[in-house]
Amino acid sequence: MANNNISTRKFSEIIEKLAESAQWSNQPGGNIYIPRLPSRGEIHETIELLRSALFPGYFGLSDVTEQFLPFHLGSLLEEVMKRLKIQILSSLCFTYPDPSKVAEYEIQAQKMLGEFIETLPAIKNSLSQDVAVTYEGDPACASEDEAIYCYPGIHAITNYRIAHSLNSLKVPLLPRIITEQAHSATGIDLHPGATIGKKFFIDHGTGVVIGETCRIGDNVKIYQGVTLGAKSFPLDMQGNPIKGIPRHPILEDDVIIYSGATILGRVTIGKGSVIGGNVWLIHSVPANSRIFQRAPKEDDFDRGSGI
Amino acid sequence: MANNNISTRKFSEIIEKLAESAQWSNQPGGNIYIPRLPSRGEIHETIELLRSALFPGYFGLSDVTEQFLPFHLGSLLEEVMKRLKIQILSSLCFTYPDPSKVAEYEIQAQKMLGEFIETLPAIKNSLSQDVAVTYEGDPACASEDEAIYCYPGIHAITNYRIAHSLNSLKVPLLPRIITEQAHSATGIDLHPGATIGKKFFIDHGTGVVIGETCRIGDNVKIYQGVTLGAKSFPLDMQGNPIKGIPRHPILEDDVIIYSGATILGRVTIGKGSVIGGNVWLIHSVPANSRIFQRAPKEDDFDRGSGI
Amino acid sequence: MANNNISTRKFSEIIEKLAESAQWSNQPGGNIYIPRLPSRGEIHETIELLRSALFPGYFGLSDVTEQFLPFHLGSLLEEVMKRLKIQILSSLCFTYPDPSKVAEYEIQAQKMLGEFIETLPAIKNSLSQDVAVTYEGDPACASEDEAIYCYPGIHAITNYRIAHSLNSLKVPLLPRIITEQAHSATGIDLHPGATIGKKFFIDHGTGVVIGETCRIGDNVKIYQGVTLGAKSFPLDMQGNPIKGIPRHPILEDDVIIYSGATILGRVTIGKGSVIGGNVWLIHSVPANSRIFQRAPKEDDFDRGSGI
Amino acid sequence: MANNNISTRKFSEIIEKLAESAQWSNQPGGNIYIPRLPSRGEIHETIELLRSALFPGYFGLSDVTEQFLPFHLGSLLEEVMKRLKIQILSSLCFTYPDPSKVAEYEIQAQKMLGEFIETLPAIKNSLSQDVAVTYEGDPACASEDEAIYCYPGIHAITNYRIAHSLNSLKVPLLPRIITEQAHSATGIDLHPGATIGKKFFIDHGTGVVIGETCRIGDNVKIYQGVTLGAKSFPLDMQGNPIKGIPRHPILEDDVIIYSGATILGRVTIGKGSVIGGNVWLIHSVPANSRIFQRAPKEDDFDRGSGI
Amino acid sequence: MANNNISTRKFSEIIEKLAESAQWSNQPGGNIYIPRLPSRGEIHETIELLRSALFPGYFGLSDVTEQFLPFHLGSLLEEVMKRLKIQILSSLCFTYPDPSKVAEYEIQAQKMLGEFIETLPAIKNSLSQDVAVTYEGDPACASEDEAIYCYPGIHAITNYRIAHSLNSLKVPLLPRIITEQAHSATGIDLHPGATIGKKFFIDHGTGVVIGETCRIGDNVKIYQGVTLGAKSFPLDMQGNPIKGIPRHPILEDDVIIYSGATILGRVTIGKGSVIGGNVWLIHSVPANSRIFQRAPKEDDFDRGSGI
Amino acid sequence: MANNNISTRKFSEIIEKLAESAQWSNQPGGNIYIPRLPSRGEIHETIELLRSALFPGYFGLSDVTEQFLPFHLGSLLEEVMKRLKIQILSSLCFTYPDPSKVAEYEIQAQKMLGEFIETLPAIKNSLSQDVAVTYEGDPACASEDEAIYCYPGIHAITNYRIAHSLNSLKVPLLPRIITEQAHSATGIDLHPGATIGKKFFIDHGTGVVIGETCRIGDNVKIYQGVTLGAKSFPLDMQGNPIKGIPRHPILEDDVIIYSGATILGRVTIGKGSVIGGNVWLIHSVPANSRIFQRAPKEDDFDRGSGI
């Protein structure tokens, strides 16, 4: 009775068309023949588990005492490892589809996982410094606890530091999924390929974009809506963009970029510079520069039309 | 024992006040007497099912083989139809509350659903081209798979193309809910009433706003933070804005708008134009224009105050 | 078999390092010894319940009739009170860790809760006016229902008005968590400490930031990407920012700020002023000012490089 | 790759066979064309809600205070009514399939529901007495609370009294589903058609069966494994059993039946009788009878074979 | 603060003891080294999916129309196959632990699965007849629909017929888990190794036990509490029972066994026999026998003691 | 519109009646004023966690390797302790309602918990022997793994041994809830007060009842449907049964009881005795007795009536 105004023939035609174009993939065979795809839901849950291992007491393990903490951390980390290995393996299988290599990928995934896990103390140490500058840098921040618990910047940087570590180990696809999940939650889009130094502070953060080949020094502050993007890019002979060429800004230590500024291209913002809000900047500036938008005009423009 | 410092009388007064003002609706009777409201949770789940029918192998159907794909697509699509019909019906009942017309609305919903389902192959075809230009247009994008799996632009455009089709069939309320769910997930706000051509590419996307009466050509690229908005709007005799008048920009084919640009009003951006970042533009420009913010000034403004 | 390429010794070392640095907190003892932490998941669910009490028929209580509404509102509100009290108590225990004071905090939480609940009718009344101006102010908005159901501005302002009420009662931490959850869902970041008048309208909203000490009058409109931020702030003798000093803009009644404008510092935007998009403004302006970015330049800049 | 050793043709044949024989129903048209089936999951949840309304403080409403109890009960009961009406309607549509009568069934379902709800105080009163005799009748029962909380007999009798009330109102199918859910949880199978008096006590209860036409007086005790069944039944001309004829035992007041006794047929167990364990009884017995299995024999039977 | 009265040393000792005796398995290496264990939760869900494929319209697929049924059945069956294969493989790995054979087991599991799926039409056909005799055999059963929807006998026989098919294909462990899940839900314990003919009817069923080597003919009726068990069994030289020897009853066609009867050993109950309730029977009986417990005695036994 | 045929007045009356009789409890004040009730859902989950700690690798921890097992067991056990403490405390508060003693109960609960946890290695050891005799005693049992994974007897005995330990520590209410949950899942009703020796084997088990004051020796086998119950019990002056008096059977070592036997009263079944199926026994028997039901009669009883 329900849905009966579409004929069986028409319905089958639609199904056929949807099925026909299922081979999106630019890889031979198309992805739908590959049994294992990374799962965005699984990745999300795994990263949340990892976040609770990095910030015990804040996420997940809310009332654990010191006595039992090592047991919980061990159990949690083993769970993270088990899940992450599956996702790394899926990413390899999906990116380099070759059924004959699954066993080889399994060994590779295990190796990548082991190396990643060993970077966790360093990641934790970096995040600890990011938290400290967040507290110090924002008069509205009442404690380091509030920074951890409420600041989207810390959320996004945590995902970035995890993803960057995986990206450095050449894990495909997974790092981008991890940073995109932070992007969706916070509006902060940090490419896992970017290099970001110590004591990084992003305030508010919505609309921040930091591109793949950015290099950012220590003690840099970025406000919401800042773009560190690419200006243009060379094409190969087929007219496709050449991948991987350095094309995003370099920010030296102690730089501050105010909200809504757009900096494009492989330019260098010298140490200690301050870039004002809403600036459009496509050239390098020396150390200690102070760059601002020209003063606005006041006029009666369009007064009659209601604006 | 709990909560006992609020008196029963006071509690009842608060309840009464909350209940009294429940009739928000500007429709006679108030909405709370209408038995069926569209459900945001249901709509979200239905759109996710539809996404997995449009991109089989990427969402939901992660390890289906070619042999069984038609069964899964058929089953999935029937589920989508069943759910979507209820939401369309609810939207009609909610928007045009008239208990005597429920049976009529049911027929109307069935008809709208049937027509919508027939647009799915075309939607899929458009999305396929959107995916292709995303891969081609971003050097950081490693494959079409990554575009589908990780790019918020593709997520938002998928919701838009579904919502736009429903909007063209005069389904009320539902299209806006669908695009708002993408807005929440991606920060990209595409009004279902806008007209968007083939091969549309949004990169990063947080903060993009495309208004109800925009008309966008083929092969257009938009970066994060771009606003295509209304400058002002005429009021009717009661001082309310007159709804539905064309008031947003027209973008001709091959236009590129860089991050943070704001273009307001029924202006036309001519074919092949490039609008630089952070520009404020309220006039039409001819084909092949290149518009940029004036060069910033460098000064020592406020150096003493710490900025 | 799984995970076996990390040695037990290495694994234990990592655990030890993660556990060692668990004492993030700048409070004596470290937070992990405090039994109760506020729960972000619980807070989220509680606020959603409260939203359905404030907008009955739109959220949660979708098909309740007038006859039974008071029962449902009573039951819902009692549930909200029970949950909220636990979160207020947790916030007190977490912020002022002192095991000897838990009983005292329990009384304080009960009192704060009671006072908060009594503000609900006023909150509802304010939101009712916010909904009305949203409908009136946007030609794309088909009804007040659509404003409630689809507009991220209404979502964010609802969280803000709840959080602001709690903040005024000196509930720690919780208000910021509540506004951050709206920030994540909508991209609109309204600090609970800000003061916002009646008939507030935010359109689209992604990227809006309104800082802690802002004072906003009645009938103000804000578009996406607008920042009302701090320009700089004095440091104390230890070099830490002094907390709580007024440092954000004052907007008088009837002000409109277009998308992407950045206004920084304790400046005053006079009654009835209009600030155009993408403006960078760090000085006060008198009533009825109209401030716009300087006209962009059109040139052939970088034409050869592909931009 | 998965599942690929079954050919598409073979798979389709199996599907076809499973689909062909889908018309189980002995009703014209077969059930799969009827849009609404009662849902066992929904019924289960609804009965659990009703249980918490009948025993507030024990199930569901675990920490409600007197002040707010009426709100919660009202909200709960309205929820029960809303859900139960759908299930009654589904039962009618399923049992008497006739698309032209759906509107009529809706009115009938509403009427049945109203009448059922009015029996709730009487059901509660009966259960209150069942709880009291359970506590009084079992030395192992520490309190009435334990009877409510732990005794499968109380669980099964609650479902029975609800189902019996619905059955008396001629609601089809639903009553049997409700008693079967108790049967599954407790091993106690009470047919909703049976008539059971006040102060009924079932101890342990696994394996108890009480048939459709049983009539049980007040103050009766039944132990585990007792069957009150039918001995045989007349057939109609087609050889089918004639439905609805009295064929199960009558137990007068104050009867006790010990574990494992089987009583079959329309026999009467007189007032105050005691039937011992494991008895097979197919004749009536007068008041105050005491019936026991003959003394067992002691022998060396099968000693050699290991028993 | 919580749990602090157990010392870390004591806690570690307990952990150590629990971990030490983890190697329950009588297989070399112990089971905890085998990566894949069958999952009872997964098996439960898979069997429920299969039940909805065998009885479409009753379970799971509650409002599917004829038009879309094949799509849903195909999708459902493919899901069942995918899940079942994993569980068969796990059962093989768990029962015959040998890491070097996993690939071989995978092929074997695929083969077993394929053969099992081909038996589904026959299983469906048998169940169809079981449903028919249930309706015909019980005057309290209002329709075949009620038999399918409410009778624990049909639930248990469905699980048995599935499990028996898997058992015949030598799938280890899994069949027993499947029948135990029905045992838990219904109190009916049918060993997957038993052979049961057509038109099998179990009424009420709680406490029914049918042993591994039973052979049951066509058209047999069994009531609650009936045991078809083993009397004794020979031991091997180590004193362990010899597995697999025929040791349970044979029931020829058309036999009826009333509630609570216990029949033990490799005895034969001749065609058409009726065994009364609560009988203890350990010898064969010829065709058409009628066996009943001796008449009970009526006496004043224990009258003084309250029984 | 829904539910509107019940008047608001009638509805309120029903609510009032349901609320009035909410004070079931025989304790002063009624239970609904006590804030903490034990939660059956929580208890269920906690016992399942404990089951997975007692049988690691079978339940919950399905693919843990030896390397990480101690972390998982530690984490699991701490979780069990945290949850169990809350339930013990609730049981104390509920059973002995006295708001002034909550702090005292908290200490008592902590102490009870600590003592209980120390009995876990002994419980595990006992269960290990129960598993061994299950495998040895049933020719149908293919391995100890199958005994753990599939035998309801092991499930029920596990709950019993946990509950008995808590009962011995005088934890109120909770032990009975734990054994009732096994009763519901398996049909086996083992009172936590009973004393059961080593190497206990229950086969099939549905309908087994073992009363509160039973004393069972080592190496005892019990089949389905066996009752070890009370025959009668003395009343106190008010006519209530006197609680706690020994009134259930004593089974010495090496006893076997076949299915359906009923043994009532404080009788002793001597060492090594075998009691046949369906026997009704209310006297003691010496060591090595073999007791069977008298041979059944074969007759033509009721042949004409269809039985």
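List of remarks:
Letters A, B, C, D, E and F mark the chains as written, and numbering starts fresh at 1 in each.
One rule holds in what follows: a residue touches a chain if its C-beta (ideal position, glycine included) is under 8 Å from a C-beta of that chain, and two chains touch if they have at least 3 such contacts.
Model, not experiment: these values are computed from the prediction.
When the interfaces A-C and A-F are ranked by how many C-beta pairs touch across them, A-C comes first. Relative to subunit A, the chain whose mean Cα position lies farthest away is D.
One inter-chain figure worth recording: subunit A and subunit E are separated by 51 Å, centre to centre, where each centre is the mean of the chain's CA atoms. Work out the mean CA point of subunit D and of subunit E, and you get 23 Å between them. In subunit B, the residues that touch at least two other chains are 1-3, 11, 33, 35, 63-65, 68, 70, 73-74, 78, 82, 187, 206-207, 225, 233, 260, 276, 278-279, 292-294, 307.
Those residues of subunit C that touch subunit D in the shared complex are 63-64, 68, 70-72, 74-76, 78, 82. Across the interface of their complex, subunit C is touched by residues 53-58, 62-66, 69-70, 73-74, 77-78, 81-82, 85, 110-111, 113-114, 117-118, 120-121, 124-125, 128, 131, 135-140, 142-146, 148-152, 185-187, 204, 206-207, 223-225, 231-235, 258-260, 276-279, 282, 292-301, 303, 307 of subunit A. Listed in rising order, the residues of subunit A touching subunit B in the complex are 2-3, 5-6, 10-12, 14-19, 21-22, 24-27, 30-33, 35-40, 94-95, 172-173, 176-177, 180, 183-184, 187, 189, 191, 193, 206-207, 209, 211-212, 225, 227, 229-230, 233, 240-245, 247, 256, 260-262, 264, 274, 276, 278-281, 285, 289-294, 302, 305-307.
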